[in-house]
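In the two complexes that follow, chain A is the common piece, with chain B as its partner first and chain C second.
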Partner chain A sequence: MAKIVIDGAEIETEEGANLLKVCLDNDIYIPNLCRLETDETPHASCRLCFVEVAGYKSPVPSCTVAVTDEMVVKTDTEPVRRLQKTGLRFLLSTHKIECKDCPANKQCELQDIAKFLKVGLKPKGLKQRFHETDVDERHPCFTYYPNRCVLCGKCIRVCRQEHGQSTLTFARRGIDTVVSCFQGDDIEKLPCEDYRACAAICPVGALEVK
Partner chain B sequence: MNPPSDNGPQAVYAAIRAEADERLEAFRTAPVPRIHIGMATCGIASGAMETKAAFEEALAAQNIEAKIHSVGCIGHCYAEPWVIIDYPDSGFPPIFYHNVTPGKAKMLAKLFLLEGDPRFEHVYGATEENEMIPWVGEFPRFNREKRLITEKCGKVDPEEINDYIAEKGYGALAKALEGSPESVIQEVSDARLRGRGGAGFPTGKKWQLARSAEGGSKVVICNADEGDPGAYMDRTLLESNPHQMLEGMILCGYAVGAHRGIVYVRSEYPLAVSILRTAIDQAREKGVLGENILGSGFNFDITIFQGSGAFVCGEETALIRSIEGSRGMPQHRPPYPVVKGLNGEPTVINNVKTLASIPPIIENGAEWFASIGTESSTGTAVFSVVGDVVHPGLVEIPMGVTLRELIFDICGGIHKKKKFHAVQIGGPSGGCLPESFLDTPIDYDSLTDAGAMMGSGGMVVMDQETCMVNVSRYFLDFTQKESCGKCTFCRIGTYHLLEILHRITIGEGEEGDLEKLETLSKDIKAGSLCGLGRTAPNPVLTSLAYFRDEYEAHIKEKKCPGLTCRPLIAFYIDLDKCARGCDACVGCCPTDAVFTTRTRKKGIDLELCVKCGECMVACPPEYDAVRKVSPPHLAPVVDRPPEGEKK
Partner chain C sequence: MEDDAAAATAAAEAEEKAILSDIEQKIKCFGKDRGRLIPILQAIQEEHQYLPEGAIQMVGRHLEIPASEVYGVATFYNAFRFNPPGKHPIKVCLGTACHVRAGDIILENFERKLEIKEGQTTPDREFSIERVACVGCCALAPVALIGETVHGHMAPSKVEGLLMRIQIEKEKEERERKQDESAQ
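Moving on, here comes the complex of A and B:
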């Protein structure tokens, strides 16, 4: 057992437990997009779940922290919120705001996080940048919307965890990075007809079942 | 630990060494001239193949008996292609010739080798002290270096293991195998060697961690995924003396208890890959690699893995993913690779130069190594000094030498009439330092304090005609394109930095842009997942700190002080200098923007001009009439005479 302090409240938990999970389980909300309960190692790519841990110079992503006894954590400090807001603004600068037409509207995790951080959906001061292709129909079973995608990679990982290897993958580099599929695969052999966890897990409605 | 015995590693080695020595002796004492030619990629690119062919042809045609010895690179890029002609019977010492074209090669074969005239007008220097020809050891470019890692580069044939062995190669391995693995780690720790890949992590500590890590199949990886623009130290080492790195790798394997090594090398280095393959095969044949190395009972084998050229794969977790067959994307550390690396096994990843530093340390001892350099940064640093310097190339210096000594004393300073402006150290992760930092000693901590970093050894020197905003834009363009796209801050953050920098360079900068650059940079440094993102803003932050006036000139005056950013400059022709009747600029202009005025001088139609600068290059130096100005409205307007008017 480990006793830790989060935002002044004492919490008992397992030594080595994932700090982000501990916070969420104790109703302390920390913005996050890329964490999967089933991940063996933290993916740590959305860079939103920052917290301050005593002893660390700067904020750390809580999904990468294993709890140790007497750990002191703060989730609501100026440096934490600043990084979270910047991260969210970055994501919003590549996310087409067409909430009315989006099936994820009202269940969208980006909307929730923006509300929580009190950030508008239009990223102030940043030029928006979108992919040329709005709709990608190459996958036989799913429609992919690159300009909604936040590249959390959860779709890729649930697919891999279920089938041993993923039928989805990241493609291209830098700002052009997208989720893509291996073309030329025999559609008959893909497990996608019966298995749609990738679309279900998408936090922003970037993958839709056809 | 076994005491040295009759059939121990040292004894086995002695037999191999004797064979190599004998071979070398035969080569040295043969009564024929020897021609050493630098044949690394840099030499080949400058025409060394043609030079070698010209020698071969001339020797055959004139029936001259001589030996051609292909060696690697000595690091003197400005002199490529170079040869050393060692012709004892001529009465001259071995002579170093630079820029040896095929024509010069044929001439030297005939006049020197046949007729005994070394052609003094083409001599760069002698490689030994003598009374006839200045010795290169008297030139700063040669004598200010301290060569440990590159010592044998340019001396040995990289495809002939006996050359390396005759230079005491694999002697350190034989020595170490007589002792315990722990004593190897102790020696490396006492030498206080720090990782030469850039971050400077203590190598001994890394090895100790790997040794104590649990795992049945530990791995040693040599990181030769050199990707910084302008950096080519690792390539040169692998192409010139691969065995020193291989020996270091085997020593590392012995120290940490690994039996498997992988060289992760870029496939864009085909010559290095092919030379490495030969070297590994030869090492196996000699019994210094593979099973029961030098009769010690220790097994270690090395394979090559070719990376596909993603810059981020130099990051160790991405490198591991790449070997495992996945997309090269970094992972959160810890766990560090020394604990959980390739396929979950403890993995030591060291840079080429780190591994190549090991044999000299084992051979000469930790105390000797630690006496070179500074207290916190021991040993030497290898830099590829490129850009606007007189003597660019690969330079190995003791840590602690100042930037000024390196750039001005050793590399000859800036070309005539121009002034030093900045030096970029550490590639896309490093920073740009101004003149006021020239007295900074080159070591890990001083460079980091200055806002740059040691990096893996790329150094770009820039003269006054460089725009620092454009340099930042260039590096951000590089990191943005090379970002793996995994984490938000690097993928999107660097894009926004690039977008702002791009706007500034085309004259669309706005008030507040600089503050925005600063805050975004700080957040990207704090928020990114791996070293690539965390250091990507460094070129922006350092240039903003040291060259802020240049940014402000771009934004406020729409002026590029370095006269580089095309939308902010204009070309014109100085009518006082332009020569009547000369048409050099007219002929080279790709858009017919240069016209003849009524006075038969030239003018530039700014509407048509694409600012390629060709006219400036073409204008004969005795006129030197083409001028560049910024902002563009400063260019005097010269009217084009109406079409059809008599000139």
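Moving on, here comes the complex of A and C:
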């Protein structure tokens, strides 16, 4: 057992537990997009779950921290919020705000986090950059919207964990990165037809079942 | 014209088929562990200058991984291309110096004149456009290469002239060839 202090409250948990999970389990909300309960190693790609841990020089993403005894954690400090807001604004700068037409409207984690951090959905001061295509129909079972996607990769990982391999993949790189599939892949081998975990796990509305 | 287009498609299909059967033979020499993915792609690209769609499937089947994964890796690296290069590959430099001297405008001009995007090949397989990072003659920025020839101090107005010159040379060659044929 380990006793830790999060935002002044003493919490008992197991040594080595995932700090982000401990916080969420104890009703201390930390914005996060890419965490999967079933991940063996944290993906740590959304850069939103920062916290301050006493003894660390700068804020760390909480999903990569294992709890140790007498750890002191702060989740609501100025540097933490600044990092989270900046990260979110970058995500929003490549996200087309068409919430009215989006099926994820009001169940969208991006909306929730923006509300939590008090960041406007159309961030000022950043140039917006979108993909040329709004809709990708290449996958036989799903429609993909690159300008909604936050590239958390949860759809790819959840499919891989379930089936050992996935027909979804990241393609291209940098600002051009998209979730994609290869036409002519042996999709029939995978039960995409009746298994829609990837669309269900999407924190936004980037994957829609056809 | 339509016959020409049909003949060109048929030729392209036959060519791809030949390439694929060649790859099918050579791929057997490689191991089946995932680590062989990039060496296999490199070998294909070196031999055939591009990765045909069928090759991606073939590599996936050989390594027993989804073709999507092969596709993901191949699109990540700029070294891999998915279209056969044209007879006159155009490389527009976008290194630091050329970037500063507006190399992207030169690229855009080539794209507009040839009606293809960077990474693509014209339907007649004459030209393809690529972007490269530094050719090593920054003093001449912005720079473009057509085939092996370096064209320095590029300007948007020079693009059409360069393409025209290649076109005229091609027509001249054809005329000479016809003359030779009729002389024989």
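Please note the rule applied: the second predicted complex is superposed on the first by the 208 of 210 C-alpha atoms of A that agree within 3 Å, B and C clash if a C-alpha of one lies under 4 Å from a C-alpha of the other, contacts with A are read in each partner's own complex, and residues count from 1 in each chain.
The definition used in the following text is that a residue touches a chain if its C-beta (ideal position, glycine included) is under 8 Å from a C-beta of that chain, and two chains touch if they have at least 3 such contacts.
Bear in mind the structure is a predicted one, so any value in this text is a computation, not a measurement.
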Inset, instruction - Mind working out whether A:8 is in touch with chain B, chain C, both or neither, as first, second, both or neither? - result: neither
Inset, instruction - Would you check which partner chain A:55 touches, where first means chain B only, second means chain C only, and both and neither mean what they say? - result: neither
Inset, instruction - Have a look at where A:182 lands relative to chain B and chain C in the superposition and call it first, second, both or neither. - result: second
Legend entry - Superposition-derived comparison: chain B or chain C, residues of chain A touched: B
Inset, instruction - Mind working out whether A:172 is in touch with chain B, chain C, both or neither, as first, second, both or neither? - result: both
Legend entry - Contact residues of chain A, present in both the chain B and the chain C interface: 169-170, 172-173
Inset, instruction - Give every residue of chain A touching chain B within the complex, in rising order. - result: 41-48, 50, 58-59, 61, 64, 79, 82-83, 86-87, 90-91, 93-94, 125-127, 129, 150-151, 153, 169-170, 172-177
Inset, instruction - Write out the stretch or stretches of chain B touching chain A in their complex. - result: 310, 327, 329, 331-332, 335, 480-489, 491-496, 499, 516, 520, 523, 526-529
Legend entry - Contact footprint of chain A on chain C as seen in their complex: 53, 56-57, 60, 65-72, 75-76
Inset, instruction - Write out the stretch or stretches of chain A touching chain C in their complex. - result: 165-173, 180-182, 184-186
